[in-house]
Amino acid sequence: MEYFYSYLILASIFVVLGLATNLLVGIAGIFSVSQAAIFGVGAYVTAYCLVNEVMGFLPAVACAAGACLLLNIVITLPALRVAGDYFVVTSFGIQLLATAAFLNWNGATGGASGMAAIPPADLFGYAIEDTGSMLLLCVAAMLLCCLAFYLAMNSPYGRLLRAIREDELAVAASGKPVIPAKAAAAALAGVFGGVAGSLYATFLSFIDPSSFDLNASVLLLSMVVVGGARTLAGSIIGPFVLLALPQVLTMVEIPSTMAAGVRQGLYGALLIAFMLFRPQGLAGQKL
Amino acid sequence: MTDHHRAAISDVAAAPVGRRLFTGALLAGLAGLSRHARAADPIRLGAVLPLTGPSAATGAQEQRGLQFAVTKFNAAGGAGGRMIEILYEDNQGRPDQSVLAFNKLADLNKVPVIFTGYTGPTLAMAPLATRKKVLLVNGAAQGDRLANASPYLINTLPVVRDEAAVAARYLYETGKRKAAILFQNDAAMTSGRDDFAEAFTKLGGTVIGQEQSSFSQTDFRPAILKLTSLEPDVLFVMLTDGLGALAEQVEQAKPGFTIAGTSFFADPTALRQKGSTGWIHTQVRVKAPPETAAAFKQQAGTEMDFFGIQYANAGSIILRTIAGVMTDKAELSGEAIRTKLFAIRQFNEIIPTEFKTNTASMQIDVVKIVDGKDEFVKSYTSE
Amino acid sequence: MLLLQLLVNGLVTGCALGVVAFSFSLVYSTTKIFHVAHAGVYTLAGYLAWSLARAGMPDIVGLIVVPVVCAGFGVVIQRLLYDPLAQRRATHLVVLIASLGLLAIVQNAIAVLWSPDILHFDSTWRVQTIKLVGVTLNYAQIATVVVSVALYGATLFATRHTGIGKRIRAVASNPFLAELTRLHPRRTYAMVMALASALVAVPGMLVGFDLGLQPYTGTTVLLTGTVAVIAGGVGSLTGAFLVSIVVTVLQNLSLLVMPGQWSVGITFLIFVAFMLVRPRGLFAAA
Amino acid sequence: MTVPFLQVSGLNKNFGGLQALRDCSFAIEKGRITCLVGPNGAGKTTVFNAITGFLRPESGSVQFQGRSLDRLPPRAIVRSGIARSFQNLRLYADMTVLENVTSALPGQFGEQPLSAIFRPFRTARAMRQANEQAAGILEHVGLGDQARVWTRNLSYGEQKLLCIARLLATGADLLLLDEPTSGLSGEALDRVMALLRRLQAEGKSQLVVEHNTRVVMAIADEVVFLHGGHVLAQGSPAEITADPALAEIYFGGAL
């Protein structure tokens, strides 16, 4: 059963990340490929606080969320000045920069060796050590984040963000704030990323830079694409499907030496197939 | 996998990509939960290796080595008539995927033993191994923190500290006083750098500079140039990847210092290069007996290299232990295999290996590469 | 002396990167596609050349044949992926994701069909060295510089003075008008993809001769290349080529003052800062 | 002497050597429809951009009801009571007709994420109110039964009306309309013209860029003739059309 639990835990964590990515990329139209970096900052801040016994779990989550909120605003700032594809490259750059920092800032991140023996999460003195309770915590966090996402998107704010994606100039001409709205989207996505990072670090009890690299950012993007952009359902379905996919594909019998490459290749083919034949993903709107 | 499952899955695989694939595949995955091992079934063991991603090269070598040991063991009749089957899982070299794969193998497939490698993923799985009493066998990672990560973690290769200490000792004994270090930025190689620097300094030498390469990098020229300008007596190299390229580039730069390293130097692509002549390295016994190497080449289609040998050795050790457990008619659990392993203690499979702790001790030789062959220089024993 | 050797090293790497950058720029400025899969073509070229060499052909055969094959591959990408996407009115984002998907397919196909290991060419000409004013270079490096600069010159000439070049520039500046004037933008796109893919095949092979081949390294090369494209000003071949060289030379020289592990990170940090100050690049056309 | 409703004085703007506005000055009065005419490239849209803060002129100033608008961002200018439309409409095609209007209503509760997340009921109430208000505006421009339709499915004439509805939603007193009738004919044209007159009767002042002389004659109280970024003449429609020199510039297109 624990296998299924751990799958559900990771999937719920990635749903929270999927919400962040969907908010920026799908809804606000800010094509950020550096959300894994934010996720990593959340994880490292939490790990640092807990390993060095600076504070307890909940304050650490708050710290991580706060740090990610500020940082995400800063790294999204170029999007306010630089348009479209230029920002994509800037965003790729930020992701590579973050990876370099995770790898080389040994004092804070443990460098390539990562940080081990991260204590489990605890709520009001009750340590969450077994997988079952961790699952409850993660699902609860996921539901809260989904609720926040739903409320924000079905409000005048959500409508404002959609309008900004469609036509920034028209929004400005209607006397609405464009830059503060975008910055707020980045902030909200940052909070999601920070919370997800905290849960991830305490669940695995070990983190290293490989979980927060460019590939992870691309994986996040794929989750949103496959699940479906711009909708809550899409943000939830995507992570569940993509995390299950490699596990399911191992059951297809391919010569073992080739299996892995074939699997990863299939995964790329899937992206292309979706883009060609179903750009709205499984349950989203057309990108 | 029963025929029914196989049919279901191939149907799904043939279906057009879309919603159907995922729901179908998910259902098939859930159906798998209900499967149980039967007595006539083969004994299933797990392996969590980086089969894709940047470390895939190493992962493929490890897989070949492990599969070689299993094929050989099965050909010889298996364990009490039961065949061994390895279920390979890909972790892409990432800790989170490793945890998922570990839980899958432990919960769904009920394997008593899981083979793995790489320091980060192994450290992530170690607490799970302790909790679930599944024996985690690390065949190649050498990060120092692995030594005490879990009682259920068996390292069939000495951690890097042992080799680095021997290298430092030998180099100091042969009059080297100024060392520069070139290392790959990953967990094991950075520990190796620290271990060597500590041992060498303690002996009275100085480390005058170090440069880092990233994994899968093959352009070492800037690093070599910079370190050369410091005029060291010796360049200590901690790389698992790209040694062939390093050999080529060193050959072209013709620096005046010795190049030294650890077991990872036994890399066929490096040995083929003229530039590797004169390199000195420590070596846990990585030479397979010639007939083993020939059999491997025939089976796998490639040379038996460092990781191939290590995983063939790790596999043989565990299979031998499992055979022992079966002879005892004990239940085949991770705990039983662990107990039996320490009871046997001394293994003479492909490489002579002894388990005083959960990390193997092996004899460590210092050798010199001459025209792609190792020339024995001196022998030490790891602690 | 160290300084000079590092400088020359950076120059060599930069020339190869420059070809990657300006060929990407050609695609990007004409078709507006952020063609990430360009990195896949770059990688594939090296492996094709390796196979030809294994089959007993001299390396020069690969240098001539492989760009032709890659040109064909480029056309196939355009016809089977980008054209259908355009017909479906896919947004930039959709095309970019599809391109990332293609990159994953190519890289993993290489790992399956060849090997995930590092492969080296067997030929020996490439590692022979000569010493010029205290700087050691091997023949593969010299070939890299000579061929890259030649390709740059030839491409610059072709885009300015040939019919095809003018057509490409016309389509790049206004595809809608070009359609009206029967310049056949789609045919031109295919031509640009062919040309760019043939171009990028060359550094793919030359770097392979010098440093060996790996399935997954193309991504970082391409990203550094796109930095050069944008910093140099989109649409400017010269900007892309020169900034590539400047970037790699600075990366090499930065070793004199700081450890090498930061150089990639610093490169992108400078780029991000640069984008904030000068969002349109150095050599951008007005 | 009373202060003019909108006073544009001495605007200059240069685009890479091209003088788009050259000492451009004119005034318009409250409650009137003023048409801005002139040949292509005369700088009509540039004037709009300068008034609404989308463009910063090198010199000159704009006064609205006695207050200077210089250096104010577009947002502040909309709040002070001037809203503009665009020649290429810039509607939100993937949103409903109603949403196009609600998103222009000023000062809504729940326009930042915090209030939307933590005060969901108040936000829902505000949205209901906004929807009612927007439905009223749509009714007013004659799109009442199209509120739930996707904007991209509207006819061109309906899209033009929606643009005006969106301007009305901002609550501005002065509407700057950039070619509200271009591309329209027959009934659709009549609908827009009727709407503009109706709005005037309700007290909305308008500055309209218009090419169609028939429309200008029908709706304009005042005409401003722009050429080469400079105001050549201002007067009643009859005066302007009577001047053969202006007609030569306009129809001859000569410079």
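Should a chain be cited, it is by its letter among A, B, C and D, assigned in written order, with residues numbered from 1 in that chain.
We adopt the following convention: a contact is a pair of C-beta atoms (placed from the backbone, for glycine too) under 8 Å apart; a residue touches a chain by one contact, two chains touch by 3 or more.
The shown structure was predicted, so the numbers you read here are calculated from the model rather than taken from an experiment.
Trainee: State the smallest step count from chain B to chain D, taking one step as a move to a touching chain.
Mentor: 2
Trainee: Taking each chain's centre as the mean of its Cα atoms, which chain lies farthest from chain C?
Mentor: Most remote chain from chain C, centroid-wise, comes out as D.
Trainee: Approximately how many whole Å separate the CA-defined centres of chain C and chain D?
Mentor: One centre to the other, that is 48 Å.
Trainee: Express in whole angstrom the distance between the two chain centres, defined as the mean CA positions of chain A and chain D.
Mentor: Between these chains, centre-to-centre, one finds 42 Å.
Trainee: Taking each chain's centre as the mean of its CA atoms, how far is chain B from chain C in angstrom?
Mentor: The mean C-alpha positions of chain B and chain C differ by 35 Å.
Trainee: Report the inter-centroid distance (CA atoms only) between chain A and chain B in whole Å.
Mentor: 32
Trainee: Could you tell me which residues belong to chain A and also touch two or more other chains?
Mentor: In chain A, residues 103-104, 260-261, 264, 269-270 touch at least two other chains, as defined above.
Trainee: If a residue has to touch 2 or more other chains to count, which residues of chain B qualify?
Mentor: Residues 52-53, 56, 59-60, 185, 214.
Trainee: Please list all residues of chain D that touch 2 or more other chains.
Mentor: none
Trainee: Give every touching pair of chains, nothing left out.
Mentor: Between chains, contact exists in these pairs: A-B, A-C, A-D, B-C.
Trainee: Under the touch definition given earlier, write down the residues of chain C that touch chain A in their complex.
Mentor: Interface residues on chain C, with respect to chain A: 28, 34, 81, 84-85, 88, 90-98, 100-105, 107-109, 111-112, 116, 219-220, 223, 226-227, 230, 261-262, 264-265, 268-269, 271-272, 275-276, 279.
Trainee: Which residues of chain A touch chain B in the complex?
Mentor: Touching chain B: residues 1-7, 10, 103-104, 111-114, 116, 200, 204-208, 210-211, 215, 241, 243-253, 256-257, 259-261, 263-264, 269-270, 273-274, 277-278, 282 of chain A.
Trainee: Over in the complex, which chain A residues touch chain D? Could you list them?
Mentor: Per the touch definition, chain A meets chain D at residues 148, 151-152, 155-160, 162-163, 166-167, 169-177, 180-181, 184-185, 187-188, 285.
Trainee: Note which residues of chain B are touching chain A in the complex, please.
Mentor: Touching chain A: residues 1, 5-6, 9-10, 13, 17-19, 22, 25-26, 28-29, 32-33, 51-53, 56, 59-60, 63-64, 67, 88-90, 92-97, 99-100, 103-104, 106-108, 119-120, 123-124, 127, 132, 143, 145, 149, 185-187, 189-191, 214 of chain B.
Trainee: For a test of understanding, state which residues of chain B touch chain C in their complex under the given definition.
Mentor: My answer: residues 52-54, 56-57, 59-61, 185, 210-214, 216, 218-219, 221-223, 225-226, 228-229, 241-242, 244-245, 248, 251-254, 269, 272-273.
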